[in-house]
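Each remark here refers to the structure printed beneath this line.
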Amino acid sequence: MNTQLKQLYQEIILDHNRYPRNYGRLENPTHQARGHNPLCGDQIELTLQIRDNVIEDIRFEGKSCSICKASASVMTTVVKGTSLEEAETLFEAFHELLTHEEPTKVSSLAAEWRDKLSVFSTVRLFPVRVKCATLPWHTLHNALKNSTQVASTE
Amino acid sequence: MKDLVQRAERLRADFPLLHQRHPSGSPLIYLDNAATTHKPRAVLQTLERFYTTTNANIHRGLHWLSQEATRLYEEAREVVAQFLQAASPQEIVFVKGTTEGINLIAHGLRQVHFQPGDELLLTAAEHHANIVPWHLIARDIPVRLRPAPLRSDGGLDWEAFQQQITPRTRLIAITAMSNALGTEMPVSAIGALARQRDIPFLVDAAQFAPHKPINVQEWCADFVVFSGHKLYGPTGIGVVYMRHPWGETLPPYQGGGDMIVEVRWDSSTYAKPPQKFEAGTPPIAEAIALAESIRYLTQKVGWDFIQAYEQYLTDYAQARIEEVPGLQLFGTARPKGAIWSFYSEAVHPHDMATFLDQAGIAARAGHHCAQPLMEALQVPATTRASLAFYNLPSEIDSLAQSLHQIVHFFV
Amino acid sequence: MKDLVQRAERLRADFPLLHQRHPSGSPLIYLDNAATTHKPRAVLQTLERFYTTTNANIHRGLHWLSQEATRLYEEAREVVAQFLQAASPQEIVFVKGTTEGINLIAHGLRQVHFQPGDELLLTAAEHHANIVPWHLIARDIPVRLRPAPLRSDGGLDWEAFQQQITPRTRLIAITAMSNALGTEMPVSAIGALARQRDIPFLVDAAQFAPHKPINVQEWCADFVVFSGHKLYGPTGIGVVYMRHPWGETLPPYQGGGDMIVEVRWDSSTYAKPPQKFEAGTPPIAEAIALAESIRYLTQKVGWDFIQAYEQYLTDYAQARIEEVPGLQLFGTARPKGAIWSFYSEAVHPHDMATFLDQAGIAARAGHHCAQPLMEALQVPATTRASLAFYNLPSEIDSLAQSLHQIVHFFV
Amino acid sequence: MNTQLKQLYQEIILDHNRYPRNYGRLENPTHQARGHNPLCGDQIELTLQIRDNVIEDIRFEGKSCSICKASASVMTTVVKGTSLEEAETLFEAFHELLTHEEPTKVSSLAAEWRDKLSVFSTVRLFPVRVKCATLPWHTLHNALKNSTQVASTE
């Protein structure tokens, strides 16, 4: 098993994959959205409780690969309790982290967030897996717009 | 066995791509042959030779090069006709690929065959190429797809299939070999049944063609389609076989040069098949190179070897994959082609493919353009290893070893 | 002039086919470039390199080869987008050729645009590829073709063209350069007019593309199509440019893998453009090689040279052909591309082509897939010499000399 | 000008091309047919006067290349006065002459017919021109069947 692969599948990702946080559905969500990557079959559904501009609670559910599942799990732990604006900032930072050669946005985040998101920086070296990691965030983005559209990373 | 393996090792010399290394440093192990196959040197040389000595547009030219190009192109049609045991080269239409071929047929049948409410009988294992074209024509003429179920071993449920034939069944359209499972369908039996009831019969032979010889007469097929790039030929070329007189019956698909008799501003009259279906400049070099890949396959490699050796590889792969703990193997029904799909609850196919890739192994993870089948199997996707006669048992060993490691890593 | 000719002589070294001899022993003189062009070594090497190092199916694979093939294929789309000055690679759809491209557009417009009785405005010089597709859709939605006449010098009659626009004109579809005459149409002027009146505008650039640079913005074009094989690229590949949001508006043309989001037995949902229009395995190697031919043309040969030298060749050919007694020359209007059509009452074009062929000269005799134009010119056919930047004045001398002999022989 | 070309365009063909025999239309034909080679634009129209199974008169008209015109001209001189069966025999012999490597039928024809038809034997060496020479004969074949179909050599 080579080093890159080890970095991609580090313990923390495997851990979130095996024991996903905030897994399941909220009973009476104020917002929700489904995400789908038709190329590989990743599917995820988000349910949220938003009040006064703050994400009070969030759950995810779905069938997906470990990168997607871990990303969704980490995402829920990160955005729970944030304002919608903060969530949007996190979305952008995460997206940049995975698609730009020299991401800058993530370093201006609070340390706790930065460390959690940075776990996924190696994904950039596996271009076909980037969509796996970003699908939960795209789905969140849609949910916040209260969009009923299915998010797709294709 | 040893003889067969040695023969395969020698044949590998014909395929330059196989001797590459993966960027990770591992030797490349290509197990994605159902997606596309590699090209023997003979095919590449044919392309090169055509472009450097004979290149010209066909049919319309009186000059030497054009005559030569036309001759080679029409010879290619004869080679394909013989490959399929067609009654005449006039029954062979060159298209871009299997997908275009089925669309061409669907377009024609929409105009002269289907009535609203008609049914198409298919199998649960169809590739999207044999599903979506029918959805597209259904916008004009609502027709209904009736997929016959598979047994749990991936073979066709023959009782259920027969029961799905109704008086409204106006086409039977099936894959001869599932691209996701490798299982073979009882094509000749279905063909006999279709002919008995006078139902046109279409066979998607995209996966079957590289593994076993086709006889359109035995199949009682009205239409057969396949792609060059899956048959060790170039991209951009495929074949539609249309049993006479379907070529007369179906209207032209695309309009343009070479498919007409006379063009006026208000109307045109159309040439006889196959020209009628080959509007514009066809993939000339590709058709000629496809003929060479057929020659290579049937004359240099030979069906006897392909069938014996691939059977051996299929069995060998099954045994080795079954040893991997927690892997579910799909499509164990026989006869089958050298394609294996598997799934582990513990490892998503996407993760598996990434791990395999880093070990230099090109396998495919996904729905294999067969989403309805994935749904029937109740998996989001599978990992698929699809073999060719140039694969080696040692490559299957590498696959199995990697699978062990991956499952171990995730569990 | 001498510099230009010397440059052309050097460039000929890039084209292996040009150095052949005709079976009669004469050097081959290829003057049938409007039918198809030859391929520079760089393009053949790209094909070879792809098949021996990167061959794989695209989009659906997680493994290294598939990623590499996908990258090259999508890079090719970017190269084409830049070549046409398109706003985005998403506006570029790969097809089999110009003919398929126009059929794709016609099929889409039939479903979402045309009403019975609508009119299409064309020129009298259209190739069958821009006539017959409209006849085919007229079976479902009767639309009427209105060809605008040419002046006697082969240029568009601009007054008449404008007058043919009516409130029922729902598409303007013109060739940018006549394949039979070489004359150029005032594309930008027509485009401006079309946009003013909100009429979609389609340009058949099959002949224009190898001779002059295209700017779809200046043209105000909604659709532009061309073929790879006429642009020093391989057969089996062509391009449709679709201005945003036409890609969203038009329904898919062919159904199959890679153009879907979700497939169920009773319906499917479709991907975004351009994938929506690229069902099944596309001509992968061909698209990548087409990008190389564009690089070769624009970077190694260069538009400055092509335009200056071809202008010189055009003038030179006109002068030499005009010296032949009794030859009628068609399409003298300027601007024009390096294509000459001629006719002699004394020598049927068919006989002429046979004589030329025996002198090693590949020229084309026939209706050039433009029967309505032949009727307008009141000739059964013409002989056509179509030049490329690799042709030489000495080759035109040989042509003229042969023409003198032929006319002498028959009169 | 090479030898093959000289053989193809021998004096007799050029002569028939310049001075076609039986050119024109019959006023009240009993049989007629049109022939068309869409690839090159050759067009020909035959009008015949047939009585008691005998071709009493025949004329041809049309735009075509020299090979086609000469072939039509020679054909009219050959078939005028023959029975329908003889015409059919001549059609077959001519067709074989142009398409078989070792034609045999033409040699069993009467000497006058054989000589006239043999003029076209070189056409076989120019495969793309074979259709030019056979178009008149295909058209005749159709006319005799009183077919209203347009003959096509495509």
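Which chain is which? They are A, B, C and D, in the order written, and residues in each are numbered from 1.
In the analysis below, a contact is a pair of C-beta atoms (placed from the backbone, for glycine too) under 8 Å apart; a residue touches a chain by one contact, two chains touch by 3 or more.
Quick caveat, the model's predicted, so the values are computed rather than measured.
If you compare C-D with B-D, the chain pair joined by more contacting C-beta pairs is C-D.
Of all chains, the one whose mean C-alpha position sits at the greatest distance from that of chain D is A. Inter-chain spacing, taken between the CA centroids of chain A and chain D, is 80 Å. We define each chain's centre as the mean of its Cα atoms; on that basis chain A and chain B are separated by 38 Å. If you average the CA atoms of chain B and of chain D, the two centres end up 48 Å from each other.
In chain D, the residues that touch at least two other chains are 38-40, 128-129. Under the contact definition stated at the top, the residues of chain B that touch 2 or more other chains are 60, 62, 260, 262, 350, 354, 365-366. The touching residues of chain D, counted against chain B in their complex, run 36, 38-40, 127-129, 152, 154.
Contacts from chain B toward chain A in the complex involve residues 24, 347-351, 354-355, 358, 365-367, 374, 380-381, 405, 409-410. Taken together, the chain B residues at the contact with chain C in this complex read 16-17, 20, 22-23, 28, 30, 32, 35-36, 38-39, 44, 47-48, 51-53, 55-57, 60-66, 96-100, 102-103, 106, 111, 127-129, 131-136, 139-140, 144-145, 147, 227, 229, 234-237, 251-260, 262-268, 279-286, 350, 353-354, 356-357, 361-366, 368-369, 371-372.
Looking at the complex, you find that chain D touches chain C at residues 1-2, 4-5, 8-9, 14, 38-43, 63-68, 126, 128-129, 132. For chain C in complex with chain A, the touching residues are 59-62, 67, 260-262, 271-272, 275.
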